[in-house]
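In the two complexes below, chain A is the common chain; its partner is chain B in one and chain C in the other.
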Partner chain A sequence: MNEATIATPITPKQHTELVDEKLVRLYFITALIFLATSMLAGLLMAMQLIRHNPLRGIEFFSPGRWRMLHTNAVAYGFLANGFLGALHWAIPRLTLQPVLDKRLSWLIYAAWQGVVGATAVGLLLGEAQALEWGETPVWIDPVAQLGLLLVAINFMTPIARMKGPMYVTLWYFLAAFVWTFLTYAMGNFIPEYVVGGTAAGAVGGLFIHDLVGLFVTPLGWGLMYYFVPILLKKPIWSHGLSLVGFWGLAFFYPLQGIHHFLYTPIPMFLQYGAVVSTIAVELVVTTVVINFFGTLWGNAGVVKTNMPIRWFYTGMIYYFLTCLQCSFQVTLTFQKIIHFSDWVVGHAHMVMFGVFSMWIMGIMLYLYPRMLNRPWASPKLLEWHYWLSTLGVGFMAADLILLGVFQGWSWAALEPWDASTDFSYPFWVLRVFAGLAMFGGLLAFLQNIWLTTRAAAADRLAQKS
Partner chain B sequence: MFESKSGILYVAGLGFFALAFVSNALVPALMYRNIPEKTVAELVTPNLRYQFEDLARRFPESFKAVWGEAPEAEAENQKWWDEKCAEALEYGHKVYVAEGCWHCHSQFVRPVANEEERFGPVSRSWEYQNRLQRPVLFGTRRVGPDLSREGGRRSNDWHAVHFFRPLDLSAASPMPEYPWFFEGSPDKPNKRGLAMMTYVQWLGSWLESYPYYEAYSPSALKKPETENTDASDSQDNAADASADQEPQ
Partner chain C sequence: MSSTMNSRIASSVHAGQFTEPMAVEITTAESGTGESDASGQKSGRSMAWTITIVFAVLILIPSMLGFVMKFGELMALTDDGADGGFAITPVVNYLLASAGFFFMLLWAAANGMFRDLEQPKHLMLQNERELDRNV
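Take a look at the complex of A and B:
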């Protein structure tokens, strides 16, 4: 059934019944607008660090507030919208069932943009909640929670209605809808209203971590399990490894949140538990990466010509590097030095941009021309997009990770605090340029979308006349 | 089970999440359930009251404009100061969160990497059992130093100038400036400015060691240019910094 779904071409009529292409495109464009916003916010903070903030002293452009907008716009504006767009394509086609209600889909789209927009305005007006990556003002949290419930209902219905065994992708999706809902509820309500202090720290750690591990990661891998075999026109290498990957992630990932707060007053035995399960999950994800490279084996040449595959596998290499890095940085030995430093910032960029943004970009690259029925207007701009993004994030991560080690040593050596910001300066300058490269890549992509959309519109006009 | 809808939904989706929640969140919550959570009013200590009254002495007009004047009668007078102090503290916390201060300043001292030398006593659980740690402000990044023992180390004048324009006091500081805490100059803090100073002076005020000064003497770091030194001197004079100089 799985292979059959992938191999049998679906007739256009069936496809139009299943997928609302207009909505998918709208989700993608919205996602990219939020990504651009987020990058500009990051740029503002980066300019502040090198003391060249052009907007200093203006309350609504305070770098501290825009820093929160930076991370929130990526999580809820870019990743969530990008994933929702891709899910509206993948789930109906994989289950051969439409979503519960197409009007509900549009309502969710509108409501979610309301949530993200209100979050941005709330943050800029100074209404943040003291929860990292969940700074969404408390009065928006219930609306976002309701939105996540509707998303789950809308997408879980076709999965529930589907007959026969489920393909790997749907294991990840099914679990992700439950996990995202629970994670958001746990993180945004419990540390605010139920427990405080150190216990709230443990919950906050779980929240930051589960947002990556139980919302972004399963949706990302689920989509990879869907798109990679389609593009390579062959099944996933090993079903056994797929099982290990999914169940290993499901068991170990939720247990790790406290590793964000090592050496805090949170009980030490819980910290050890988080460290051990983190190292365990790194072994598990290695099996997933092996599975995907096994699938590519024999076809590696396609990365030169097949752009989506190139983005996907670049993301997987970054994923492997991130996880390898993580299995070291999570140890108490590394934590002594690198915690609180730019090492962590480098790590975060490598995961969120180097992996998941790359995957979403690859999906957009594949689906966008298909939906417009026209190839990309400029292959050259595609190359610029790829190379600026890939090298930009690699450079940024390397720069910040190295800087983090220096910062940690300087602090531990009891140098005056100013020493650490002094020698960080050149690294922070390089980071600005790396960020500008990534932003340049995005601009190349946006221009390509614009050119392609315009050409497609011209095609349609020519057909009519 | 491993590939079925119910297996994934109930075991992976709900079961494993619940297991993690019970072991990683419920366990610490139960462990600390006997440490009472302090209200904001209970956080007003003599240390903090001293700093709050100091704000009233240093910025009399600003203070009066925001909090009014204390009643004459002794009993009411004390109650008034305590209430206003708690109010300022709570509002300062809101501003601290809103401005994202906690993304560049942590609030916990670790038992490793010589942090005890630099910042002061290692953080303990009971210190976080209060309303202003809901959600907890541990933080995950230090562009600037940890602040959990910052209170009392520097004078209110220092903080006023520093919030207004950090570069005047710290030659290479990447910290943003916060002129919206003031009505045009550092000697005229508004409600946000006064509240922020109250909040920062509160940090660590619950400890015996308050104010905790660094246990090491700064090594010879190249001094800021003379131009900057002049600027900070004149600011200090303007704000009447006779007492309570920065310990260096």
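Take a look at the complex of A and C:
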């Protein structure tokens, strides 16, 4: 092998030179505040569905606005902040280079909270762009776009400075920075200013799905490829297979979004293309999941004792299930029944909470005490957090997916709309309880963070004295 | 693979740091010094190249022909005006994104990024250990 292509040897850089732990912690805390806000908004929406909305009649808190706050806060408030915190840890350590400028990192942090906060206020005031999951008021879009550009520059610089073959995590991260920037621009500007009608609908479909597949997925998997080997203290089973997964995602994913609009006036060749590429991605996902379970092989007992690993692998099981479900539900046969039903809502919760939120929780679980140099204050609260979240989202997804099938059959039989809302009622009640369990899990985690932070502060005081 | 790399992986394997079989295979497969080993490896590589090229031709040429014909039909459709024109937007989006990544794939291959597929995973863990040691 040419020496020039071998990755550079380790330079004696200190962790403290590379990672700004204060910023990582701040990102995590902010992410959790947004998650709590989003879950409260989701609970309010769930209460509305069972006709017990406690804020009935107040325009500012009308359910439609809460719903948008729920989806936007989780995507841009929780996931984005959680990922940014984890990236500030992972990229400098992987590349052995600090980010371009630590002051820029702080500026991005402040600007991003401004963007998400302004979006929340805009939505509650009733100002929203007509784009699912991109309802951010139009005047915020250029600021958000600039923010994404700065994020890309700040993180891509250390990756570009690195020499030699890249670890798979960095491939995922590089792609995510490019894709997220392009996806945001495509969804927020093209339908608003360039095309209209069905074309705008098609682009909207691409936007929703690309946000999952080209922003959340590459960052999530990239972080898993980084944290899982570290925690298991062994390399990923096959790095070659991991690259198959990455390039498969790169080529098959971008056409998928149209599957949100099957049976619409969008040309059938595009609809069929979306169906085929979605099924192809399931094959790619299988290689990724096999790789991670191959890595765990022989160490399965770790799942019981190592909490972050438990969160990671639970998320992976949910990921496999949700992608398997996806490869069936995008067929025209399935769509006849489940389109517009609660099946889709169940699927969305399984992927957003069951997979990516779980991975971020696992990362926080590993990094937060490490940064405080102190173990978690209450292992019991950690167990409560895990079980309430895992069972809560499992029940919610199963409940809504089953309900979706019943709704679809009812509509296909041309029964009155009221009949479907009547039999949905008990399912929606169960959904409230599942949501309460998930929220309870989050509260257990927040309390544990509070106790651990307080104990670490006490440790520092004791050391000083 | 350079001798430096070989010895690094080999010593790591010997020290019991890497337990999965791939690292061992990399070391043993490329550490042979005899002439017969070298010629055997050479003929094996040329056979692999021949099979790859035959399959690439058999699969890629019909696929590309099919794609070009279908793309031509699409372009003809868009010439009809607004009725078919809107279909082009998502397709162009996809082609632009995929073309970028296709060129990146070629660039990465040309720059030796895939020459030793398993090396980065060992180096990553090694770096982590060093960083934790320096804390």
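We take it that the second predicted complex is superposed on the first by the 452 of 465 C-alpha atoms of A that agree within 3 Å, B and C clash if a C-alpha of one lies under 4 Å from a C-alpha of the other, contacts with A are read in each partner's own complex, and residues count from 1 in each chain.
Here is the rule we go by: a residue touches a chain if its C-beta (ideal position, glycine included) is under 8 Å from a C-beta of that chain, and two chains touch if they have at least 3 such contacts.
What you see is a predicted model, and the numbers here were worked out from it, not measured in a lab.
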{"item": "Chain A as common anchor, with chain B and chain C clashing or fitting", "value": "clash"}
{"item": "Touched partner set for A:Ala144, first chain B, second chain C, both or neither", "value": "neither"}
{"item": "First (chain B), second (chain C), both or neither touched by A:Glu132", "value": "first"}
{"item": "Contacts of A:Val344 with chain B and chain C, given as first, second, both or neither", "value": "first"}
{"item": "First, second, both or neither for A:Leu206, with chain B first and chain C second", "value": "both"}
{"item": "Chain B versus chain C as contact partner of A:Pro254, first or second or both or neither", "value": "both"}
{"item": "Partner chain(s) touched by A:Leu94 [first = chain B, second = chain C, both, neither]", "value": "second"}
{"item": "Which of chain B and chain C A:Leu84 touches, first, second, both or neither", "value": "neither"}
{"item": "Contacts of A:Glu192 with chain B and chain C, given as first, second, both or neither", "value": "first"}
{"item": "Partner with the higher number of touched chain A residues, chain C or chain B", "value": "B"}
{"item": "First (chain B), second (chain C), both or neither touched by A:Pro165", "value": "both"}
{"item": "Set of chain A residues, in rising order, touched by both chain B and chain C", "value": "165-166, 175, 178-179, 182, 186, 190, 195, 197-199, 202-203, 206, 243, 247, 250-251, 254-255, 257-258, 266-267, 270"}
{"item": "Chain C - residues contacting chain A, complex", "value": "1-2, 4-5, 18-20, 22, 70, 74, 84-87, 89-91, 93-94, 97-98, 100-102, 105, 111-128, 130-132, 134-135"}
{"item": "Chain A residues touching chain B - in the complex, by the definition given at the top", "value": "48-51, 53, 56-57, 59, 62-65, 67-68, 126-132, 135, 159-160, 165-166, 171, 174-175, 177-179, 182-183, 186, 190-192, 194-204, 206, 208, 214, 243, 246-247, 250-251, 254-255, 257-258, 260-261, 263-267, 270, 273-274, 335-337, 339-341, 344-345, 408, 411-419, 421-422, 425, 428"}
{"item": "Residues on chain B engaged by chain A in the complex (per definition of touch)", "value": "2-5, 8-9, 11-14, 16-17, 19-21, 23-25, 27-29, 31-32, 35, 37, 95, 97-104, 106, 108, 110-115, 117-118, 123-125, 127-131, 133-145, 167, 170-174, 176-180, 216, 218-219, 221"}
{"item": "Chain C contact footprint on chain A (complex, rising order)", "value": "1-7, 10, 12-16, 18, 93-94, 96, 165-169, 175, 178-179, 182, 186, 190, 195, 197-199, 202-203, 206, 226, 229-230, 233-240, 243, 247, 250-251, 254-255, 257-258, 266-267, 269-270"}
